[in-house]
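The following pair of complexes shares a single chain, chain A, combined with chain B in the former and chain C in the latter.
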Partner chain A sequence: MKGKVSRFEILSALLRKDIALFSRDLLFVFLSILSVVSFAVLYWVLPKSVNETITVGIHGEGLEAAFERIAGESAEEGMALKWYEDGETLKQAVTERDLQVGFDFPEDFLSAAASGKGTRVTVYVHPNLPPEIRQAMTSAVREIAFAISGNPLPVTFPEEDTIILGVDRAGNQVPFRDKLKPLYAFMVLVIEVISLGALISSEVQNRTLTALLSTPARIGDILAAKGLLGTFIAFSESVIVMFLIRGFGSSPGIVLVALLLGAVMVTGLAMIAGSAGKDLMGTMLFSLLFLIPLMIPAFAVLFPGSLALWLQYLPSYGLVKTVLISTTEGAGWADSAGNLLMLGGWCILFFVIGVLVLRRRVVTL
Partner chain B sequence: MKLRNTFLILGKDLLMGPRGGLFLWVVVTPLVMTFLIKIVFGGLIDPSPRLGIVDYGSSQVAAEARDLKGIEVTMLDSEENLKSMVEANDLDAGIVLSKTFDQELLSGEKPVLNLFIGGESLASNRIVLSVTALDLIRSVEGKAPPVEVAVETLGDDPGVPIADRLVPLMILMAVALGGIFLPASAIVQERELKTLDAVIVTPVTVDDFIAAKGILGFILAFVVGAVTMLINGGFTAYIGGNLLILAVASLMCVQFGILLGSGARDMTTLFTVFKGGGIILFAPAILFLFPGVPQWIAKIFPTYYFLGPLYDLTLQGVALKEILLDLGIGVIISLALMILARILSRKMAQKLGT
Partner chain C sequence: MSDIAITVKNVSFSYGKILAVDGISFEVARGEVMGFLGPNGAGKSTTIKMLTGMIKPQTGNIALLGMDIARTPKDVQQRIGVCFEEKNLYLEMSARENLEFFARLFGIRNYDAKSALERVGLADRMNERVKRYSKGMRQRLMVARALVNQPEVIFLDEPTDGLDPVSSRAIRTVIQEEAKRGAAVFLTTHDMMEADLLSDRVAFINKGKIAALDTPENLKLKYGKRTVKIRHRNNGGVQERIIELSDQKAGEHLKEAVGTEGLLTIHTEEATLEDIFVLLTGRGLV
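And now, the complex of A and B:
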């Protein structure tokens, strides 16, 4: 018979037991792979660019030069102009939704507008064109007529370089699918909170944790094994998902650290939820109690604009922001340090609370 | 199978169920998700351009801007505030109107229009806001345009807005939780807690028990589905048609639930199946969000055969008779699943020793 066993051997044995339990469940393995693949597929089927162009068709003789002069750069950014030889073809293109808007200028438009004689332009739109675009396009036609008739703009503008504030992303917007990257990473971690919470809960209910205490394993070994296993599963799944959706950006190290901290944090949460719930449903409700507020930053970054201050204090904000800025803005360690530190702080807090709560639960069994 | 036994269990479940977390989960989750999805995705995919205005005088331009359709107008008190909001992408653009802006405009002095554009604003929004601002100024200037613009709307198909395309997803979520998750978890939970072993030593058979859980799932799926549909404005003139679709949806989901409940070893397995297999259920609803994706792909998935009719009837205004074929296929799939569920529940009964 072997003498005293080391803590490391006990920990390894506990980990091997849990991993064996997982891997024996082929369905679990298959479906874990399926969920990871599903996230990747969803990422790749979403549009890879942002459509920020209004497609406008124009029929009007001799107007190309005038448009080039008046529309200037906007014809390249924000408006795509297509020229048509007759009004009927233009009308058909709008009806068939090849165009969002059609401008049908009469043959005498140039001379009529220049002489100030009244003329009529038809703007074709389809029924679901947003009202602001409809309004802007009719305004654009009026402005063209003003310009041709020799009526300059009634205002003056400051220099162009003072007009654009912030990084000019026209034509280079961050696609929606890339804004979703932190949400994907977080969703994988969320799923693991529920799964690990359910596993802990079932071990508490079935008293297998108590049974383990009749072996040389101590509470600390069991907690360490659960912590390591939870972190490993959550971290590895999120890494695979991020790899499949090209989520590491230019600084893979930063994203990896953020995911690792996130995995430790959710493991702590899973320990709390698994210990607190009386059964699986209770565990799920506890998990949701934590997860709904934690998911807010991942959704909030999808909206344009700055985030409310209180959102920046939520535990998941550091993870979401780090993943977002390092994948879409190429942020480096210096830019991410603050977010990672905050995430690290929350991660330690949740993990310590999780360990204490689970320890208390095991002791009271 | 005795109907009396089934309804006895059903009565008990209906009486005791609302005290447990499972009911709360099934009823509250779809409503919370409806709210979240509508808030998040409703305004996210088709956002309106946002214009900020600082009016140091009392310009008519600012007054008219408040009535603009489709543009979110925010009045601000200082240029600094406006610039910081535009730079932070809290606004797409902003204009600053000086105290004497209108006077200078009317006297033909060409006042300076301080227009600020956010770097992150969409190019199309920049054009919309610039042209609209200019048009407002022209209208205050009072000069008649040398052209009359007639707007002609072509076609009568308004398309389906993104907020409406989300309706099938939300209804599926409601029906799936009640129809699949509730019976499946109830069966697995009672098996794990051994209460099922206790029940079957009475005259109640496994079939009675499963039928009760199935009926409970059907009722909840149908009711929560109808409430979700009501909240989302999904009920059309064909109320009977909508209810028929919900009935087929609930029927199919309940079969999935019984299959899952009878086949899953424990709650962990059940969860894993639900989490991993969820994409198969939800795929058609997700595909409806992207009209550019070929819609035949959705037909591969069983849930299409109630989601498709729902989409056509409520969002496309298709006549009831035109969706009956798909709905019929949905019923056939449900019946096939019922046979499969019966085989699995028989196996479960054998394991339980009945």
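And now, the complex of A and C:
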């Protein structure tokens, strides 16, 4: 018989066992590798820049010369012009998605504009065009009319540098693939929640936890091993993904801290799901119950416009926002501190709840 | 070093209003096999849980190897081995890995898993994952796992339940070897024959209380009727006569019966532990 075993020896044995079991779960090994590879491939396949130029179709007899000057100016602002022989062809081009916008000027447009008479210009827009762009196109027609008639616009704008707050993204929009970075990181963590949850659930259901507790291993050792393994796997996998998609930006330290906190948070979630679920399906259901609302911020940042205020109270917001602003806007520690603190708070809360729930599950076996 | 390995004094445990164990007391010596018999719901599992430190007794004391299990469960667990009724093995690990992992939890490095598995007849399949093992193989592995730390006290909960005769015999041999080594063995079982074969003493537990505790032989002598059944031919048929040995005239009756013409068979019959259990508790073991 050997003397008293140390906590380190027990923890080390538990970790080795958990790693062995985790690596033998072929489904989750496959899912983990698939997610890393597919996210990396997707990132590099998607365009690395945003095409900000909108091609506008125009039909209008005798207007080409008048538009030459305007076209030259507008191209810099993201508008290219394409001429059509007749209104019907223009309409068909918009219908068939060759164009998103078409201006059909009437025959008397020039004379009406010059004389200041009212006239009607038909603007064709594709149904998928966002309302704000439709509005902008209608305004553009008015502006063009003023330009052609030689009359100045009845309003003046202040200097551009006084109205743009923050980084001017004109000509330098964040590509869609970069907006996806927080989603990639979060999805990797999601997969780890389910796989670690399944591992915990199988220990509970097979009563192997009871066997462990009849040895010198304590509940704290078991929880520590699960917590360490879960955090390590979730963190390292998300780091690999971020490395492959150049997701560290100019502030790798900030992204690493965000990923580490995210990994701890999902480990807590995995403990809750693993303790609550009676089998793999149950664990997956409980995992999704938590994860679907947590995914909302990662999807929300994909769309233009400011985020709804309530999104900022979701636990995953701090992770998503930190990754987004540090990779796309070069945000520093000062800009990310608030988000990281909030993420840290949520991470402690989920981890503590996870430990308590799993502990309760173990002692009631 | 005391000869007493397990001391249980006035121990009780309730699940809410249900009294599962009601003031039981007993001792088990080193090298002794104690059979703990009782039907489902009698309090066997709760007693084992308390003895192994999984739950604390609500009243009374339990000392294993001179240590209070409720106060220092991990010190005690370092020196005991438990074989659970449910086969709680790591199915995705091999038998060798299962044993090596549990050995490491006891601080044993370079554990000789092969020798341990040879003992229970699993050495030739020690690198195979346990999920491919039969029920009997898993049970033998459970017993091997309970012995990784050469425990001084071994708890075996239904170790041969539902097993084939070969597996059952293998496990019984190991139990006897461990007792010979000096380990105290606490064995719960439904199988009265097994308890009779293995146990130095047996305790009957019923409704949380110990109904009787003694050696199988003493229990049979105390509670059972010893009889001789004699069959002989009589007028073309077979006649049967039962003589109770406790009868003062048993000797005369036996002489007379043996001398009768047409003697066919003579059987001595003694009460089984099951008969005695039914007699004492008024219920069967299932």
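We take it that the second predicted complex is superposed on the first by the 246 of 365 C-alpha atoms of A that agree within 3 Å, B and C clash if a C-alpha of one lies under 4 Å from a C-alpha of the other, contacts with A are read in each partner's own complex, and residues count from 1 in each chain.
The rule is short, and it goes like this: a contact is a pair of C-beta atoms (placed from the backbone, for glycine too) under 8 Å apart; a residue touches a chain by one contact, two chains touch by 3 or more.
As the structure is a prediction and not an experimental result, all values here were calculated from the model.
K.L.:
Count the residues of chain A touched by chain B and by chain C, then name the partner with the higher count.
P.N.:
So, of the two partners, B touches more residues of chain A.
K.L.:
Taking the superposition on A as described, I'd like to know which of chain B and chain C A:L302 touches: first, second, both or neither.
P.N.:
A:L302 sits against chain B, while chain C stays out of touch.
K.L.:
Have a look at where A:T215 lands relative to chain B and chain C in the superposition and call it first, second, both or neither.
P.N.:
Once the two structures are laid over each other on A, A:T215 reaches chain C alone.
K.L.:
Which of the two partners, first being chain B and second being chain C, lies in contact with A:L199: first, second, both, or neither?
P.N.:
first
K.L.:
After lining up the shared chain so the two structures overlap, which partner does A:V5 touch, if you call chain B first and chain C second: first, second, both or neither?
P.N.:
A:V5 contacts chain C only, not chain B.
K.L.:
Applying the touch criterion given at the start, work out whether A:G338 contacts chain B, chain C, both or neither, answering first, second, both or neither.
P.N.:
Neither: A:G338 stays clear of chain B and chain C.
K.L.:
In the overlay, answer first, second, both or neither for which of chain B and chain C A:K17 touches.
P.N.:
Touch partner of A:K17: chain C, not chain B.
K.L.:
Using the touch definition from the top, say if A:G330 reaches chain B (first), chain C (second), both or neither.
P.N.:
neither
K.L.:
Please identify the positions on chain A that touch both chain B and chain C, taking each partner from its own complex.
P.N.:
Correct list for chain A: 25.
K.L.:
For a test of understanding, state which residues of chain B touch chain A in their complex under the given definition.
P.N.:
20-22, 24-25, 32, 36, 40, 43-49, 68-71, 83, 86-90, 105, 108, 110-128, 131-132, 134-135, 137-138, 141, 143, 145-159, 161, 185, 189, 266-269, 271-273, 275-277, 279, 286, 290, 292-293
K.L.:
Can you list the chain A residues touching chain B in their complex?
P.N.:
The contact residues of chain A facing chain B are 25, 27-28, 30-32, 34-35, 38, 42, 45-47, 50, 52-54, 74, 77-79, 91, 94-95, 109, 112-113, 116-128, 130-136, 138-143, 145-146, 148-149, 151, 153-158, 163-171, 173, 176, 191, 194-195, 198-199, 202, 279-282, 284-285, 292, 299, 302-306.
K.L.:
Note which residues of chain A are touching chain C in the complex, please.
P.N.:
1-6, 9-10, 12-14, 16-17, 20-21, 24-25, 206-208, 210-218
K.L.:
Show which residues of chain C lie in contact with chain A when the two form their complex.
P.N.:
Within the complex, chain C contacts chain A at residues 52-54, 74-75, 77-80, 82, 84, 86, 88-93, 97, 101-102, 104-108, 145, 149-150, 152.
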